[in-house]
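One chain, subunit A, links the two complexes that follow: it is found with subunit B in the first and with subunit C in the second.
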Partner chain A sequence: MRSVASNSATADAYAGTGRHRRRLAPDLVRIAGLVVVAVVVLAPIALIAYQSVLDGPFFMPKATWSLSSYAFVWTDPEFFQALRTTLLLAAGMVAISVPLGAILAFLIVRTDLPGRRWIEPLILAPIFISAIVLAFGYVVAIGPVGFISLWFKSIFGFVPWNVYSLGTLIVIAGLSHAPHVYLYTASALKNLNPEVEEAARTVGAGVWRVAFTVSLPLVMPAIVFSGTLIFLLGFEMFGLVLILGDQGGIVVLTTYLYKLTNLLGTPSYHLMAVVAIVIVLVTLPLVLLQRRLLRGTARYATVRGKGMAHRPLPLRKWRWPALALVMLWLTLTIFLPLAGLVLRSVVTSWGEGIGVLDALTFSNFENLFQYPNLVRSIVNTIVLAAIGGALAVVVYTLVALIAHRWQGKGPAVLDYVVITPRAMPGLIAGLAFLWIFLFVPFLTSFRSTLISLWVAYTVVWIAYGMRLISSTLMQVGPELEEAGRVTGAGLGRVTCDITIPLIRYGLLGSWLLIFMTFTREYSTGVYLLGPNTEVIGSMIVSLFGSGGLDLVAALSVINVLLTGLALVLALKFGVRVHA
Partner chain B sequence: MPELVVEDIHKRIGAVRILNGVSLSLDPGEVVSLLGHSGSGKTTILRCVAGLETPDAGRILIRGKPLFDAAAGIEIPPEERGLGMVFQSYALWPNKTVAENVAYGLKLRREPVARASARVDQVIGKLGLSGMADRYPHQLSGGQQQRVALARAIVYEPPVLLLDEPLSNLDAKLREEARSWVRELILQTRISALYVTHDQVEAMAVSDRVLLLRGGAVEQQGTPEEIYGHPATAMAAAFMGSSNRIAGTVAAVDGDYARIDHAAGSIWGKRIDPVEVGTPVQGFARIERTRLCGEPGRGRLAGSLSHSLYLGERWEYSLSVGQLGWRAWGQSREKPGERFIEVARDDLWLFHDEKRS
Partner chain C sequence: MRLLSTLLLGASLLAGTAATAAADIPEGYPADYSKMVEAAKAEKTLRVYSTTDAASAQSLVNDFKSMYPGIEVEYSDISSAELYNRVISEAAAGQASADVVWTSGMDTGMRLAADGYAQAYATPEKAMLPEWSDWKDTAYGTTFEPLVFLYNARLIPEGSVPKTHAELARYATEKSDLFGGKIATYDPSRTLGLMLNVYDSQYDPDFWDNLKALGKSGMKIEASSGSMMEKVGSGEYLLAWNVIGSYVPPLMKRNPSVNMVTPSDYTLVMSRIAFVAKGAKSPNAAKLFLDYLLSKRGQTKIATDAGLYSIREDVDVEQSAGKLRAQLGDALRPIPVGEKLLEDVMNEQSRVKFLRDFQNALRGQ
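Showing the complex of A and B:
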C-alpha cells in the first residue's frame, strides 16, 4: 500500500509539467483559428447589441448611449401585437408539424406504406424550396383570384377559405415545416432496433399501438428536438408572413422589423436593432437548448441493434387510408403551390373569366431577360450557390478541422461560437453585415460585390455547414490518422494525405446541400440588395413589394428548378440530406 | 543497451489511474508481450510509447535517446519517433492500394521512388501478398489485411515494432496459424517488438518475455515458462491457464509446504506466499495437474462427479468438492458418482487469501 501511495505522489508532482513540446504549435494554430472565427461570427451580433443602446444610427456622430430605442419599441402597441402573433404562429406550427412529421416518419420508415421509396424524396422537397416562393405559390393557387379558388367558385359559387388569414398562415406554415420533424424522427427511427417493435407485436400490439407506445416514445428526444427547431423557425419566419400576412395586416417580429426600415424617414437602425435583440433573446436560449438536446439524442442512439434487416410493420386495412393521408399532405404542401406557381409563370394575367389556354405564353420568361438586374440576379444566384457554396464548404471544413481531435475545452467553445449566428434570423444577419460593409473602412469597397453576400451567407449557415462537415469527419476512425502519425506524417500531412481524401464524398454532398441552401436563401440578401448584389430570393421580395407578379412567378420557377436540379443530383449521389 | 526503455510511467484520465508506474525494457531482437485483462493498461502503455498518449510522469527512451521525459519536458511527436505500429483494426487507409499503404512510410522518408518500390515489392512478397499490390483493402480478406498492416509497419525498418492485439480480429483457426508466422517474421527481421494481447496462449507463443499487468502495474514478468509454471501471485495463477481454486486455513506447515484441512479432506500444497498456521489461504491447481481417482488416499479430496463433457481430444469432468466446483481432464467417459481428486503438493500453489484476512 505504501509503495502505491508514493508512486501516485510522484505522478501528482509530475502532472502538468510534461505535455508541452508536441501540443504547443498545433494548439496555437487552432486557437488563432478559433479567434478569427469568433470575430467574424460574433461581430454582427455585437454590432446589433451596440446599436440597440444608442439613440440614433451608430455612424452618426451625435448618437449617444441611450435606452430610448427600447422605450420606443416598448411603448409601441404594434410591437406587442407582433410579439403575440409571433408566439401564436410558432406554437401553432409546433402543434401541426410535430405530430404530422412524426407520423409521416413512422409510416415511411417503419411500415409497408405503398410507394414509400419514392415518397421520401418528395417529403423533403419543401425544405429546399424558398419560403417566399412557396408563399407566392399559395397566393396564385388559393388566393382570392387563385386558380383553385376560381375553379371552386365556378362550381360552388363561393370560396370558403381566405389565404390571407392568420389561421391559413399557421396551417400552411405547419404543413410546410413537417419535413424538418420528419428528418430528425426518421433518422432516429432508422437507428432503432426493429426487434423492440417485433417484441411488441408478439405480445399482441397492433401497428398503431406499436407506433404510439413503442416506436415514437423511444425516439422522443428526436421529436422534442425537432419541436424546438420548429418553434425557432416559426419565431424567425419572414417570407411566408411577408407575402401571406400583408393583406390581412398580420405582423410578426421579423416583418415588424422590416417595416421599421423606413418608418421615420431616415434609417431607424436603432429601433431595428432593438427588435433584433428581442428576437435573439428568444432564439439564443432555444439554440442552446437544442445543443443540449442534440447531445441527448446522440446518447440515445445506443438503442441500435445488430441485424437491421427487418420486415416493415404491416398496415393491413390502414394501408390505403394512410397513403391517402400522405398524398393529401403532399398535395397541399407541394403540388398545390408548385402547380399554381408554374401555371402563373406561363400566363400573362389572371382573373375571373380568362381561360388558361388563351393566356398561355412564355413572355414572362422572355421579359425577364429585358431587365439587366433580373438577369444579374439569376447569374449571381448561380455563382453564389456554386462557387460561393464551394468556398463556404472550404471554410466550414477548415473550421471543422480546428476542432477535429482537439483535446480540451477548445471544441466546445468553437461549438458555442458557431451556433450563435443560428439565433440570428437571416434578415437580421443581412442587416448587420450591411452595416459592417457600409462602415468598416477597408470593407466598404466590397459592399456592392458578391463578396459581401457571400460572407453573410457563409456566416448565417455556418452552424448547418459545420454539422454537415463534422458528421463526415466523425466517420473517419481515429486509428487511421494515428497510423499516419506513427508512420511518420505530421498533423498537417495527415490531414492532407489521409483525412481530407477520406471525406471527399462527404464534402461533395455538403457542397450540393449548401448549393441548395444558398439558392433558396432570400432573407439574408434583403438588406444587402443593391446594384451587383441581386439574387433571386431578394429580388422576389423586392418585386413582390412593387407588384411585378409576372416576373415573380418566372423567377420563382427558375429558383425551384435550380434547387430541384441540385436535389436530383444529391439524391443520385446518395447524399444524406440529414446532417 | 536495451532497444526500448520505459521508466516508471504514470497516466491518469480524470480520477482514473490508468498506469501506476510501469517500467519495462526491450532488448534488441526481443519480443515482449503485455498481457492482461481489458482495463489493465496494456494498450495505454503501447500508445504512450507510440506517442499517441502523453503519460503524466516517467521516461521513455529508444536506444538511450529520450522520446518522452516528463521531468525534462521532452515529448517527441509520434511522427518523429520512427516506430512501426500495427493497429487492432489494422487501420489500413481505405483510399490507398496495398502498395500505396505500404509505400507511404517510405515516401515520407523521401526514399527514391525506384528504391522504395523495390523495397515495397520485397516486403509484400515476403508476407505472401504478391499480386495484391494494386488491390484496395476492402478487396482483401481479414488475414491479408492483417499482413498489409504488418508490411506497412516494418517496411521502413523501425527499431521497435508495436503491435496492438494484431490477431484479435481473425477467426480462431487463422489466429493459430498467424501467431506462428508473426513470431517467425519478427525473428527473421531481427526487429524488437512490443506485443499487446489479452490472449495468454498468444502471448506465450509469440514472445520471449511476458509482462502480466494488473490495474496499470506489472504484476509479474518472466519467460512464458516462468509465468505459466511459477506464478508469483494469486492473480497470475488465476489468470494463466485454467485452474481449480480451493480456499481454506493453514493447518500445518512443513518447510516449503503447508496443509489445508478441508471438509472434503486434507491436502498439501506449496507455500508461494509465506503463509503460516492459521492464516486464510487460497490454493490454485491447474486442471491438467488434477487427477481423478476412484479410491480415497493420502492428499486426495472426496467429491462427487456430476457430469462429463466430451471435448474431442479429451473428457472434462465436473465435480463438487464440498462447496467448490472442480474440474479434471481424462481420456474416458466416467459415470456420475463418488470420486476423489489428487493434486501433487508441488502443483497446488498457496497464496494469502486477501479477501478473508
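Showing the complex of A and C:
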C-alpha cells in the first residue's frame, strides 16, 4: 500500500509552486477519513468493553462499575470447558485443513490431475455456503436417522459414525475449511518460478518428492498464514457448533456466549460482553499476526478463472488415486450435505420407516410464501446483498483510497483500525450495533430498517472488503496517476478520472464477492432481527430454535441457490476469488 | 333522478348498518366502551410484540381488524428473550416500543410486568377468567396449554407408551433397549426449560430420582424445540417430554407417526401472558386488543385457527380448558401468573443451583 516515495516527490517537484499546499490538503482529507473510519469501526468494540465492566445492562439505571462479570465467568467451570473445547476444535481444524488444502493446491496447480479445470471452481464452493446450512445438511444426511445412515444401516446393520461427536465436528470443520488454505497456497504456487521444480524433476525426483521437498516448502509462508487464518476461524465458529454440538454437550466460546442469553433468566449482557472480550483477546493477536504474514508473500492471494502458464508435473500412476482423493473430499464436503439439504426441503417427513420417494413434495416451498416475515427475509437478503453490497463496495473503495499512495504511518494505522472488527464474533457485533442504533440520537430512526443491518455488515467485513479493493488498486501503475498529477490535476481529479475507471472491473468483481459474503452471513443479524430487518441467515437461526425445520430446509436451499448464482457469475467473468 | 336518490339512500343505509355492525360493542362491556374504541381508532396503529408465530396469529389479527376497522396492526413475531431485550432497551432509550406484549415466556413476561413495564387495566372479561391467571389486573394469562409427552407411535409398541412421569422413568430403565438414548427434553438452561423443570420438581415427589433414571438411560437435552420435535418425527428420538401441546396437532398433520400423551399423574399447564405496555403510544388500541384476546370470540379463534388452547371455560372446542379438565380433572397444574412464578424461577442464585443439581442428576450424582 506504500507508493515509492521518490516518484511522488518527483511529481510534486514538477508541479512547481504550491507543492506544500497541495500535499497538505490531501493529507488532511486522509486524516479526517481515518478518524471517521476509526470512530465507526471501534465504537462497537468500545461499547462491548464498557459493558463488560458493569454488573448489568449498561442502559439500566442500577448498573454500576464492577468486575463481578469477569469474576462470574472466571469461576464458571463451563467457561473453561468451552475454552478447552474451542482450542481443541481450532487445533484439530488446522491439523486437517492445512495438509489437505496444501495437497489439493499442489494437485490442481502443479500437476496434470484429470478434470482440474472444472474441479477448481468447485473447491471454492464451501467458502460461500453458510455454516448453519452446511451443518443442517449433515444432520439430514448422516445424522442417526439421516438418509445415508439409514441406507448404510439397511446394508450393514449398524451405523459406524456419530454426527454429534466432537471428533466428527472437527473432521467436518477441517474438511470444509480446506478451501481457505487452498486459495492462499494455490496462488503462491502459481507465482513460483517453475525452474526450481523442473530442476528437481530432471535429476529424477518423483512427483511427491517434488511436492514435499521443493514446492510446498517454498510456499511455507502462505501455508503458515492460512494456518493462522483457520485457527482464527475455528475460534469464532458458531453455526456448525450451534447445530451439531448441542446434543453431545459440545460447547465452544461462541455458543457459551449465546447460552448466556437465558442462563440467569434475563439476558446477561455483562457476562456476554466478558466472553466477547476474551474471544477478542485471543483473536486480535492472531489477526495482527496475520497482517504481518500477509505483508510478506500472500498479499496477492488471488485465483484466476483462466488456465495456468506452467508445465504441469505428470502424476502417472498417481493420476486416478489422486483424483479419487479429490472426489472423495468434494463428496464429503459439498455433495453430501447439499444432497441432504435438498432432499429434506422436498419432503415433509423423513426418517426411520418412511419411504423417501413416496413423500416428495414442494409444499415446504409453498408454505414458505405464506409467512410474510420469511418472504421479507428473502427479499431483504437480495436487496441487502445486491444494493447494500454495491454501497459497501463504494465505502470500501473510499476507505482504500485513503491509504492509497499515502506515505508515512497512515496506511499502517488504518490497517490496524480496520482489522479490529475481524476479531469480534459476528453475534456480538450485531448486538453492539443494536445498542448503537438504539441509543445514539440521530441513528434511532434507522434501527428498524435494513440500514442498521447494512451498517453492521459493512463494518464487520471492512477488512475483507478493503483488502479486495486494495489488491485491485495495486494493479494500477503509479505512472498513470503521476501523469495526471504532472499535468496539474489535484488528488480528487486523479482519483475520479484515472484511478477509479482503471479499477472498474475489479470493483465489479468485488461487488460479486461482497454479494456472496452478505448472502451467507447469519450471525451478525441475529440480535438485529425484527420486522423489516429479517434476512435468510438470521431467520434460519431463529426458526431452528423455535421449530419448523421444513422451512429451515427450504430457506437454506434458497440461500445456497442465491450464493451459487453469484459464484457462477463471478467465475464466468474471471473474478479473482479472495477469502 | 328518483332512481339516483333511491340508490344513494340505499347505499348510505347499507353503509350505516355496516359501520354500526363493525363497531358492535360486545355484551356486558361498560357503557363508555365506545369512547375507548373511538380513541383507539384515532391512534391508528397498534404495535404487538409477541412470541406466537405470525402465521398462527394472522387469523387473530385479521379478526381484530375486522372488528375495529381503521386500526393498523404491526405484529412482531420474536423470541421471548428478544422480546424482553427489546422492551427494556427501548424503554431505556425512550424509543417507541410495544403497545401490547404477548409472550409465551411466562418468566420473562412476569418479570417485565413486575418491574413496571406493564400498566394496570381491568378488562371487562375478568369474570370469565380463572383467578390464578390474573395478576393485579395487570398481567393476564391468555391460553391454557398442557405440557405433554410427544412420541413416535410407529416405533413404540402400544403397551410401552408411558402415561405418567413415574412410568416414563421406569420404562426408561426397564425397557432400555427400546428407549436407551432415545428420550429427550428441553435444555433447562434455555427459556421455558428451567421453568417447567422447577415446577416438575415441585409437583413430582420423585422428580430427582426419575431424573437420575432418565440420565442413566442416556436422555438427551435439546435446545431447539423444532429440532426435538423433528427428531421424534424422524425416529431419532422415540419420546420427548415437556413439549407444548399446541405444537403437536400441526406436527401430527404433517407426520402421522407422532402422537401425544397428557400425563395422568399431573400435567403442567402454561399460559401465554399478555399485558398493556406502560409507555404504550396506543394504549386504547392496546386495551381493545387485550380485551379481544380474552373475549369469547377471540378465545375461540385462539383455540381453533391459531392452534393454541383457550383458557375460558365457556369456549367449547377441542383445544380448550374445559375439555382438558374433563379429561384430566385434578391432575392439571396450571403455572400461576404472579409473583410466586418470579420467586420460584427468576432468582439468579436458585436458578444456577437448580441447573447444577439438574446436570448432576443427569450424571447420576
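Structure notes:
Everything below uses one rule, namely that the second predicted complex is superposed on the first by the 546 of 579 C-alpha atoms of A that agree within 3 Å, B and C clash if a C-alpha of one lies under 4 Å from a C-alpha of the other, contacts with A are read in each partner's own complex, and residues count from 1 in each chain.
Assume a contact is a pair of C-beta atoms (placed from the backbone, for glycine too) under 8 Å apart; a residue touches a chain by one contact, two chains touch by 3 or more.
Because the structure is predicted, anything quoted here is derived from the model rather than measured.
Looking at the superposed arrangement, the partner reaching more residues of subunit A, out of subunit B and subunit C, is C.
After overlaying the two complexes on the shared chain, residue contacts for A:A483 are found with subunit B alone; subunit C is out of touch.
Once the two complexes are laid over each other on the shared chain, residue contacts for A:M60 go to subunit C alone; subunit B is not touched. Of the two partner chains, neither subunit B nor subunit C is touched by A:T449. By the touch criterion stated above, A:T213 is placed in contact with neither subunit B nor subunit C. Of all the residues in subunit A, the ones that touch subunit C in their complex are 57, 59-60, 143-145, 246-247, 249, 259, 261-267, 348-354, 370-373, 434-435, 438-439, 444, 447, 527, 529-531, 542-550, 552. Partner subunit A is touched in their complex by these residues of subunit C: 53-55, 74-79, 81-82, 84-86, 88-90, 92-93, 95, 107-108, 111, 154-155, 187, 189-191, 194, 220-227, 229-231, 233-236, 247, 254-255, 257, 345-346, 348, 351-352, 355.
The residues of subunit A lying in touch with subunit B in their complex are 4, 7-8, 10-11, 13-22, 477, 479-480, 482-490, 493, 497-498, 501-502.
Here subunit B touches subunit A in the complex through residues 8, 10, 12, 17, 20-21, 50-52, 54-58, 68-71, 73-85, 87-89, 91-95, 104-105, 108-109, 152-153, 156, 162, going by the rule given at the top.
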